[in-house]
Amino acid sequence: MAKLSIKVHDLEFQNPVTVASGTFGFGEEMTKFIDLNKLGGIFVKGLTIHNREGNDYPRMAETASGMLNSVGLQNKGIDYFIKHIYPNIKDYNTHIIANVNGSTIEDYIAVTEKLNELDKVPAIELNISCPNVKQGGMLFGISCPSAIAVTDAVRKVYDKTLIVKLSPNVTDIAEMAKAVEGAGADSVSLINTLLGMAINAEKRKPVLSTITGGLSGPAIKPVALRMVWQVYKAVKIPVIGMGGIMNATDAIEFFLAGSSAIQVGTANFIDPAISLKIITGINEYLDRHNFDCVEDLIGALEV
Amino acid sequence: MQKIVENHEVIETVHLNENSYVLRLKSPVEIPEIHPGNFAEIQVPDTMGVFLRRPFSILDVNYKNREISFYIKAIGSGTQKLGELQPGMQVNLIYPLGNRYTIPQGLKRALIVGGGTGIAPFILLGKELKEKGIETTFLIGGRTSKDILLTDKFSEYGTIEVTTEDGSMGEKGFVTSHSLFNRNDFPFEYVYTCGPDAMMKAVGHLVTQKGVVCEASLENMMACGYGICLCCVTPTVEGNKRVCYEGPVFNVSYLKWQN
Amino acid sequence: MAKLSIKVHDLEFQNPVTVASGTFGFGEEMTKFIDLNKLGGIFVKGLTIHNREGNDYPRMAETASGMLNSVGLQNKGIDYFIKHIYPNIKDYNTHIIANVNGSTIEDYIAVTEKLNELDKVPAIELNISCPNVKQGGMLFGISCPSAIAVTDAVRKVYDKTLIVKLSPNVTDIAEMAKAVEGAGADSVSLINTLLGMAINAEKRKPVLSTITGGLSGPAIKPVALRMVWQVYKAVKIPVIGMGGIMNATDAIEFFLAGSSAIQVGTANFIDPAISLKIITGINEYLDRHNFDCVEDLIGALEV
Amino acid sequence: MQKIVENHEVIETVHLNENSYVLRLKSPVEIPEIHPGNFAEIQVPDTMGVFLRRPFSILDVNYKNREISFYIKAIGSGTQKLGELQPGMQVNLIYPLGNRYTIPQGLKRALIVGGGTGIAPFILLGKELKEKGIETTFLIGGRTSKDILLTDKFSEYGTIEVTTEDGSMGEKGFVTSHSLFNRNDFPFEYVYTCGPDAMMKAVGHLVTQKGVVCEASLENMMACGYGICLCCVTPTVEGNKRVCYEGPVFNVSYLKWQN
């Protein structure tokens, strides 16, 4: 069996298959389906400084090979997380990575400072790419200066591995990646959702309460692969890839394009055990192609 | 609660009218305990435009024969395709999901109000109410007599009242205009409802005004069905709750329904 | 029967259903399948000043609910078009609209000047969004100053209806639309393809000879609808919408989002008669919902 | 050339080995004239991951019974699904597409070299060659004897030679190592080939060196199949040409094959 462990900056993952923020809750609901200890890591649902009720229903629209969501970062706030959720999940034998959100730089700093104190959260993912909130969110992630400002501010208060999650809704993703690398990110993860919209023709109304929402699923895989490839070539820090990964072949494609680890998102909604099946499939691929370790696939696209 | 994710074999599809059918499936493993109100997420085999699973209430279950069935109305591509499945074909299911209708201690007389496919959870509920010796009345509403289905099943568990909009069966009108609600004595201590949103709201309003508890099972657009996406929320007095996880059954006075 | 004709600037279309550039050739091959005279218009394959052989094979990859192409503007050049193709198609009872491409502003001007002389080409579509050429193409379409420069230069030499085709690979599509509106565009069309990539995991190679290509088809419809809606709210000139339109319902959604006319692209590859079926379907929708004319649907989304 | 876009009914699917089958379909309208080398674009019914149509050479046609058939090897989702179609199901076809193999005036002896599903066009070609009184030899290559299919059909139109890589049938080796090519006299004035790219290149090379004309039908990833997308080009001495429209059949000396 090939070696599956990989490193993202200083942090070693037992395997490169993690689950994407917002698509796995805090893991608790999933214990009924799979053994979480087998995962490379869990990026938990986005956290904010205060409780957020999220957007109004409807928050979901199905699209061709994908879906739109406009959940809007519903969560009970960082203090609730620390008090009521963290204790239940901290002893899993997998990395718990917190997804950090804010409307202002101060928000981001405040949440990060609290997370910095948690022993069993070895990394944070700075979400500057949420398309579903009115303030902050994606606005930070679509201009270099603001991305730099928030990354820099968080870096100053965070000692562990800092992953910055990039928005695909930009002209030049490589520029954005270089900007946050320069500002101190240890890794970048991409892509968050593409901004999209669905309309109910019969009712002549938007399907989502928020009119627009974030597009995820296989529909966006070609865009995600392209961006991972562009970013991989532009930066020196490790890239964590995601966007439409539904099976092991998709995962392999992301490694080849330059991902050190991958995140499984929307696929969790269709098969709660998909992440473990992907681990098995990666193993089979490595054996079949005589690779000793998954690391040898990273960026190994022959062009 | 134990959950299964398994391919099930189609036993048969019984068509009830132009667009409603009962889908009977066989599980390859023992069926875990199912409670009235629980639902399953069914993966529609390869269908253009159907990406996510589809949620359906569990109609009935036979633990000995490992049989589970659903009552489905074809309204779009997914429900259309499920109706075309042939015996022997495989379809993947996740269940049991969601919470259940509650049966309070000491309950004596219950009213069940259903419309459309909303009647699906009521075979299991009727069965359990009967087992507990609770007297049950089913009030079923539809547009015409053709929409009044499965009454033979319900009659095993209680008495049946019907309303149709065109008066072709039972009392004419909506369920909420049924004479049951207009009598001075309202003999029921608990009301269970499931059906179109508008119907459930009207029933909930009417019943709680009488000081009677009403539980409704909510319809909702779901992405996952097991609590991890937060797409399916409904506003409650305690903030947004997941219909698939904290629900689908809610005490109506806990809900803050919008339109 | 409802009134189907619409106007784009001064130009009246007998109906709002046109076919997208690069997805219908010059129409000649399609006469075996449908009566071209029934179409609202035909946006012909992209033209350049000189002959272009396009990119190497493979130029196509299938993706979830979509496809990538990297044709690379293969065409025999504007002079060949004028001499050998225009005479065959000029008398169709539908608008022939030329899609103009270039590596430099001078190229765009040169092609446009020649098209300005053609009586039966009542409009041009300035393609500043082709992702599949090394020079020019999309580079003009992803920054406001260059989009303004090329639009302005072409406007000076073109007397008829000038449509500018926008690239979706930008942070702010509304800004781009306003920029070309300010530079003299009579209309904008959108979206061109999203830049994407496909990988063959078994061979560890890109599928396309060009590594990246342009994503089209239903997968991109949510992004296209969102951009049409954003642009419709930002500009006063008419919007021509496209991106994944496969049937009449999709077309209606684009009208509601703000399109005055629509272009059918990739769908032509699956059903050569789809554009005519869409016209029929629009008619049925208008009748069913008691609309007198399709114009009443434009931007009629209730939000 | 008249073209049709029509739903066809599946008559039957004849499985030839683990992954090859003949799909027989019935047209609802008169079948237009089909020439050897023509192909059809088949729309694979609802299948995850299959968005575009799939091109297949026309294997045989019966104008009177309105029957058309294809010889298909299951290599991916689309060809898998087509092999699972049941009699009575509908599948949409566009045809005839592409150009044809040419039969020059005065031709006396023709050699047909095919491998894999590349043999599909050669029933129609063999038929026409026989009608014109041309003596035809079929040289069929495969990995093992299991890959040598449809020879009963070809034997109606000419003599058959076989090569297999493992020597389990005919001469051992590739088609290009067959003794036919090593004799001092090469009695054929025209060679037709279809099969894997590498085979066709080798055959083309060998044959043109002998000063004999060779026509090959190219494989290619196609988006449309009728000339409007420009995805399917192959480089020729006159620049890039569409395989689906100017081809799929080309004189090999016209081609500039790359690898």
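The letters A, B, C and D name the chains in turn, as written, and every chain counts its residues from 1.
One rule holds for everything that comes next: a contact is a pair of C-beta atoms (placed from the backbone, for glycine too) under 8 Å apart; a residue touches a chain by one contact, two chains touch by 3 or more.
This structure is a prediction, so every number in the text was calculated from the model and none was measured.
Undergrad: Spelling it out: a chain qualifies if it touches chain C and also touches chain D; which chains qualify?
TA: Under the touch definition, chain C and chain D have no mutual neighbours whatsoever.
Undergrad: Which chains are in contact with both chain A and chain D?
TA: Expected: B, C.
Undergrad: Going by C-alpha centroids, which chain is farthest from chain B? Tell me that one.
TA: Relative to chain B, the chain with the farthest C-alpha centre is D.
Undergrad: Please tell me the distance, in whole Å, between the geometric centres of chain A and chain C computed from their C-alpha atoms.
TA: 34
Undergrad: Can you give the whole-Å distance between the Cα centres of chain A and chain B?
TA: Inter-chain centre distance comes to 36 Å.
Undergrad: What whole-number Å value describes the gap between the mean CA coordinates of chain B and chain D?
TA: 55
Undergrad: Between chain B and chain C, what is the separation of their C-alpha centroids in Å?
TA: The mean C-alpha positions of chain B and chain C differ by 47 Å.
Undergrad: For chain A, what residues touch not just one other chain but two or more?
TA: Residues 61, 63-66, 217 of chain A touch two or more partner chains.
Undergrad: I need the residues of chain B touching at least two other chains; which ones are they?
TA: none
Undergrad: Once you've mapped the touching chain pairs, tell me: line, ring, star, complete or other?
TA: It is a ring, because the chains touch in a row that closes back on itself.
Undergrad: Using the touch rule from the top of the page, what pairs of chains touch, sorted by label?
TA: A-B, A-C, B-D, C-D
Undergrad: Applying the document's contact rule, which stretches of chain C touch chain D when the two form their complex?
TA: Chain C residues touching chain D: 22-25, 29-30, 32-33, 45, 51, 53-54, 56-67, 69, 71, 74, 217, 266, 268-273.
Undergrad: How about chain B: which of its residues touch chain A in the complex?
TA: These residues of chain B touch chain A: 1-3, 5, 43, 49-53, 94, 220-235, 239-240, 245, 258.
Undergrad: For a test of understanding, state which residues of chain A touch chain C in their complex under the given definition.
TA: That would be residues 61, 63-66, 68, 142-143, 169-172, 194-199, 201, 203-206, 211-212, 215, 217-223, 225-226, 229, 244, 249, 252-253, 256-257, 285, 300-303 of chain A.
Undergrad: With touch defined as at the start, can you tell me which chain B residues reach chain D in the complex?
TA: Touching chain D: residues 46-48, 81 of chain B.
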